[in-house]
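Comments concern the structure below.
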Amino acid sequence: MTTPDEFKGQETAWCPGCGNFGILTALKRSLVETGLRPHEITIVSGIGQAAKLPHYIKCNAFNGLHGRALPVATGIALANHGLRVLVTTGDGDCYGEGGNHLLHAIRRNVNLKVFVHNNQVYGLTKGQASPTSEEGMVTKVQRQGVLSGQENPLALAIALDCSFVARGFAGDPARLQSLMGAALQHKGFALLDILQPCVSFNHLNTYEWYKSRLYPLEEDYDPRDRIKAFARALEWGDRIPTGIFYVNDRPLFEERLKVLKQGPLVSQRTDLKKAGEEIRAFY
Amino acid sequence: MTTPDEFKGQETAWCPGCGNFGILTALKRSLVETGLRPHEITIVSGIGQAAKLPHYIKCNAFNGLHGRALPVATGIALANHGLRVLVTTGDGDCYGEGGNHLLHAIRRNVNLKVFVHNNQVYGLTKGQASPTSEEGMVTKVQRQGVLSGQENPLALAIALDCSFVARGFAGDPARLQSLMGAALQHKGFALLDILQPCVSFNHLNTYEWYKSRLYPLEEDYDPRDRIKAFARALEWGDRIPTGIFYVNDRPLFEERLKVLKQGPLVSQRTDLKKAGEEIRAFY
Amino acid sequence: MDYSIRIGGEAGQGIQTVGGSLARVFAREGYHVFTHQDYMSRIRGGHNYYQVRVSHDTVTASRDRLDIILAMDRATIENHRPFLNKGGLIIYDADTVGKTFEGDEFLHVPLEKLAVENGGDKIMANAVAVGAVLGVLDLPVDPFVRILKETLKKKGEEVIHGNEAAARAGAVFVQGFADRLGCFRLKPSGREARMLIDGASAIGLGALLSGCKFYSAYPMTPSTGIMNFLAGMAERHGLIVEQAEDEIAAINMALGASYAGVRAMTGTSGGGFALMQEGLSLAGMTETPIVIAEMQRPGPATGLPTRTEQADLLFIVHGGHGEFPRVVFTPGTPEQAFYLTHKAFELAEKYQIPVFIQGDQYLGDCEWTLEGLDLNRMVLTDHRVRGRALKNLPSYKRYTHTGTGVSPLAIPGSSRHLVVVDSDEHDEDGHIIEDAETRSRMMEKRLFRKWPLIRNEISPPTTYGHDNPEVVLVGYGSTYGVMKEAVDQLGRRTSVAMLHFSEVYPLPPEAGFHYMNFLQKAGTTICIENNATGQFARLLRAETGFVFSGHINRYDGRPFTVESLLEKVHDYTG
Amino acid sequence: MDYSIRIGGEAGQGIQTVGGSLARVFAREGYHVFTHQDYMSRIRGGHNYYQVRVSHDTVTASRDRLDIILAMDRATIENHRPFLNKGGLIIYDADTVGKTFEGDEFLHVPLEKLAVENGGDKIMANAVAVGAVLGVLDLPVDPFVRILKETLKKKGEEVIHGNEAAARAGAVFVQGFADRLGCFRLKPSGREARMLIDGASAIGLGALLSGCKFYSAYPMTPSTGIMNFLAGMAERHGLIVEQAEDEIAAINMALGASYAGVRAMTGTSGGGFALMQEGLSLAGMTETPIVIAEMQRPGPATGLPTRTEQADLLFIVHGGHGEFPRVVFTPGTPEQAFYLTHKAFELAEKYQIPVFIQGDQYLGDCEWTLEGLDLNRMVLTDHRVRGRALKNLPSYKRYTHTGTGVSPLAIPGSSRHLVVVDSDEHDEDGHIIEDAETRSRMMEKRLFRKWPLIRNEISPPTTYGHDNPEVVLVGYGSTYGVMKEAVDQLGRRTSVAMLHFSEVYPLPPEAGFHYMNFLQKAGTTICIENNATGQFARLLRAETGFVFSGHINRYDGRPFTVESLLEKVHDYTG
């Protein structure tokens, strides 16, 4: 058995009190639950406070460019679908700079587990609005307050028929851990949006703000009904549901790809002789 | 009164029989209906067969890069909100390469009218799959057939709370014209997805294919109910609805921007003397 | 004998089918062939042509002057007639072009009529046309019939027979003019079939035979040919070809796949390459091997999507923010494209760097006949640490400092060793650092230590012509063939040679061949580039201080032809 | 008198507040000030410092040697003590650092205790610290109190009073050590307040005073300061500052706004600039004016986000696919940044091209004292055709061929004339074309005709030091200040001068000042660059063939300090 300690990484550079700590704790515990060893897991991230996480845990890691974690993760998962590939990303990283990749990664349905540390703000760059910032939030750039509509990532994912769509809260690591566990167990692209207080730059959506609003989806809630899931995803106000909103059984991209029937690409060698025969077609 | 002839542009380079002709006709007629003169209209496009349209009509035009029409159009509309700004784009242009801009343009809600020539294929580059291609469609690149899920642009737009969401058909220019008219009259970002046969590369979704499936949303359909709109947007199979799916009254970005209260930016001059006073803050 | 045949018409009229079939027949009959295409950015209509040169001797470029024009429409006659050599022939169908032309050069062949009568469908006019050209050249129709059988297999017997009958009818029809056409008779080559291949396929084939397992790209002319080729190979040879949502995703996916342990590649053209700049820099920082094919077309921006240019050389050499090593190959022929793609994979993995194959529309689309490709030169060295070797390592750090600057490249997941890479500056373990000292050491490792080793791998430029020339024509990439022919032509009167760089950056070391000496000794050195500003000349000056005595630049989106180049060279040689 | 004061501590401890306040007080008191910042890419914790140099004479760079260290934590003492000059002072709070240090250099000031006792909140320890430093220098606390009143206005009287009391307590406390500290007394400057400004604000101010109306960008260190500045101006001065979804959108939005008729700008750092490459090429093809600020940080990839480097010069010069003209400015001081931003807007619009302000973290963050800025030099010429002038045109084509290559730039919508622009190659009307001739003429118009006119606008490099020097230090961009101080220091023993390029591409014409002569005559020419590969040296060689006799490169993410530069120069001058 592994223990959370086995996943202990570098020292963190987050602010004291940051919601990211809760996420890191939950993640380590849920990885322990999988029974996997650190080297069987690869964590891909972009750039941001959230995206520093791969350094604070012990796994394989590809800490890439701002917004570009998903294509990297896709490449990894296709080249070696034996690896468990996780993506740890921020609201700016995933819904802002990387928005286009999210759309198409959901469509592809590669077996990626995407954990979005949604603090509704750009943390690392010191507090500009993110796509999930509330309308009206004032920042150094958004002097007049945010004018764009607030993105609802769950509704978006459900519209794209994402295979697994859930919302968690960094302030409740135990429940978060179980959501992460469900995402890890699910076969398919999983989007877990994690509401995360940023004590330095988001003075609107604080621990208290979230705590007074969040409630779990009902026990008997059926996450297979896409239209109901959409309706529940739209709830954002005095009461905000958490839990697994939507799940479907779309086939995995890597299982459909005929080429992968013979095992992970990384262990398939090119038969040069056979490939050489293709030259004949040019005569 | 203007006539469609006043909007006559360069000679087209589309294939005979292409659905784009129906769209061009409908567009010219709906522009005539607005009573606007060519110079009061600016059409922005990216690259693709659809995106050639600005050359085939007489208006101001900015034919930019593949996928990048929306930010250009946003810049134009913010710099001069007195102009009527239209975007003519393809499914690859708008939902593929340009996907991220679509997400955020919808959130911004600038008064753009976006007409997507959705032929469910990449026409100009000779027939690769687009985000809206049907699963299983075989092309020179998608040899095993498309494996990614088919994007549903209407559901996506509704999830983002797009101000106006509609679907038209290039094979029914009269009805298309009325949808274009409605989009042009609507105050807010309007997405009109236009199903468009591509006679050269899409042998799946032909005129007949569409005609046998398309039907208009009911007369008494209420486009203000977001959840119902979402449900109807998911209808895609033997029967596919057309019409206005969703409408809301979100305030216009340019109306909220305080800076624009004094009229279009393009006609505001910087008061150098007043601006020069800012230097004092550095003493 | 050396004929240039131009097939012209609208997009959608089958220009490519006819031209491609003729080229294939000639190659099978053992002739030397060179083809090039000129087409518009549209699917139907407009005006396109396909030019086939067939000869008993090596041919490596297109000529402006034509021997036979096959006109599928009237515009072809109007546009191309001025280029016809004296005694040349224009084959056309008076019925379809709607007019009968007078003049010795015209030969009316009722293409559609013969198609309908013999094949049963006017679509077979293309087969009639091929038959007619073969008839004019007094070549047998049988090889074409074999090609029909191969390519139309899926369409069934009936279609094949129809096309065969149509082709034979075309040949028979022109035999009625044997007297007039005797002069076109092509003597048998006396040789076996030659290989015929275009640059894009050669790059694809090179990738396949280098063990490429992952190709992610976004469609963009003129790079799409590579993706099409590899997509066709995917199932049979176990590789993944994935169409990404955009070019940013394309390069990042390829980097992910490479990190995970497979050889990976992407391809694009200028606009898409512009979008890959950040990913390129990521490859540099993470030291992830990647091969990138950049097939140029005229810019800026969308430019001329289906034409050719060499205007992205300095963009590739200096692209990506920050400083990191890279290698740029600029093949001049499909053969070079094939071998250099192989070398690209080798160097990318050996030094953990991005390596470029920079081509252009002209290289990508032109078909050349080759003597064959030598598979024995495909030596795959696996530069990664995997399997038992990896398991046995007592410890592992992705960015271990070594004497060469090259750290062991392990496969994540295949042992208990963790593989951590980072786009931030990092320590040997791959974790973020910010201190000055670690930073300096990493810069030295990535850049300074590897650089001389990389440079030593670069092969010298190719010379052709005089050993001690007064005039040297210098170029890189797709101008190879036309420069070579120019040297042949000039060689009769001038002491001239060509110096061609197919491995352009870093510049090759001079140890083996003192090419700068070679240049400095010549009285006249002319740099020939398919761009406006002379980018290679600028690169050479930046690296060596050398200044050319002359420049020939073409920037109208068209390749140099033998005649157009010679004319310009004459301005310098008098 | 010339003191270097370093304030060190964790992120979040108010280092910037303290450093910034001191700098402001010094400037108001008429001294010369130079500040620089060294901070980590994190919000809390870690180790940062802010260094303030204050002097009676001009100061233009930071020194390694320190006179006063204000240590907000223990790490500061441990890390920076070695840099303290003999007789220097370390101010610290033994209670917070948890240890009492022995030694003459240490002065314990109970910052937190005084803050709580006098201000009522330990957060006011920062004010105590400022007061203490002012006390040590024997400067009045009043100017600082005025600053508190200005900056804390919104927080209310109580907070202001608390901070005031805290500051005064700090000053009073150190007066108890007057004997020991007398040597630090700063003589009055005898001058009025000086202007104090950082590079980022200077660029923002330059944009505002050039009539910039639209700034779209995506946050990225170290360019965010420009966006913050302009955002603060937006409502008051009628400009739109829009945070785009990514850098691709940022540049395309700015191009849209520019097309629509307003002066538009974007700003970013290397990674974001990499994403703008295609948009840059679009600006080139459509001839849409745009100003782009690229604030460099060390790469490749994410690199060192909060540090400094000059490694994107050649990327900017050669960036974007295809060939089109551009101008690159590399200001060395906030003053240059201000005026060159103005010139950038002027040239961008006059020639309808992209113009760059290339800076770096060091330029962006460093504060300098200036004699003021001359608003009379802000001359706005509107190069667009609008209003009546446009209405009266009998006809209009966006890309009309003219003798200069510059076509009239009309405002769409303001007359019946249509404005059509195209990323494809186009005709004078702006419509797609594919023919060779139109293409050539457009290339000649965009590139060849404009280029000599543009080059003529470029000002010569700046010299400083000896008129006929044996040694020339050459650089561009943010090394200006440190080179200048190095010349001052060396000048005592060597015949030395500096040659600084703030208008770097195209290279200035030599007509006015034969700077290449100036270089060629010198025995020793040293190219000083904050990068690893010597990009400016390469550019100069590519353009002129000139080869430097020496290179000094720093690529650890840190700027040159006077001492570090001098040490390297000595290697060449012996």
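Every chain is named by a letter (A, B, C and D) in the order it is written, and numbering of its residues begins at 1.
By our rule, a residue touches a chain if its C-beta (ideal position, glycine included) is under 8 Å from a C-beta of that chain, and two chains touch if they have at least 3 such contacts.
From a predicted model like this one, the values you see are computed outputs, not experimental measurements.
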Pair with more cross-chain C-beta pairs in contact, given A-D and A-C: A-C
Far-end chain from subunit B, centres as C-alpha averages: D
Averaged-CA centre spacing for the pair subunit C and subunit B, given as whole angstrom: 37
Subunit A-subunit C separation of Cα centroids, rounded to whole Å: 41
Rounded Å distance between subunit A and subunit B, as computed from the means of their C-alpha atoms: 30
Residues within subunit D bordering two or more other chains: 40-41, 234-235, 245-246, 248, 271, 278, 282, 286, 301-302, 305, 422-424
Residues within subunit B bordering two or more other chains: 47, 65, 96-97, 99-100, 103-104, 131, 144, 257-258
Subunit C partner contacts - residues on subunit A that touch it in the complex: 10, 37-40, 42, 44, 47, 52, 54-55, 58-65, 68, 70-80, 82-83, 100-101, 103-104, 257-260, 262, 265-266, 268-272, 274-276, 278-279, 282-283
Subunit D to subunit B touching residues, read off their complex: 27-28, 193-197, 201, 205, 208-209, 211-214, 216, 233-240, 242, 244-246, 248-250, 252-262, 264, 278-279, 282, 286, 372-373, 375, 378, 380, 411-424, 430-432
Of all residues in subunit C, those that touch subunit D in their complex: 40-41, 248, 269-271, 273-275, 277-278, 280-282, 284-286, 296, 298-307, 309, 311-312, 314-315, 317-324, 422-425, 434, 436-437, 439-440, 443, 447-448, 531-533, 538-539, 541-542, 545, 547, 555-558
Subunit A residues within the subunit D interface of the complex: 13-16, 47, 49, 65-67, 96-97, 99, 122-126, 128-129, 131, 140-144, 200-201
Subunit D residues touching subunit A - in the complex, by the definition given at the top: 12, 40-46, 218-221, 224, 227-228, 231-232, 234-235, 241, 243, 245-246, 271, 301-302, 305
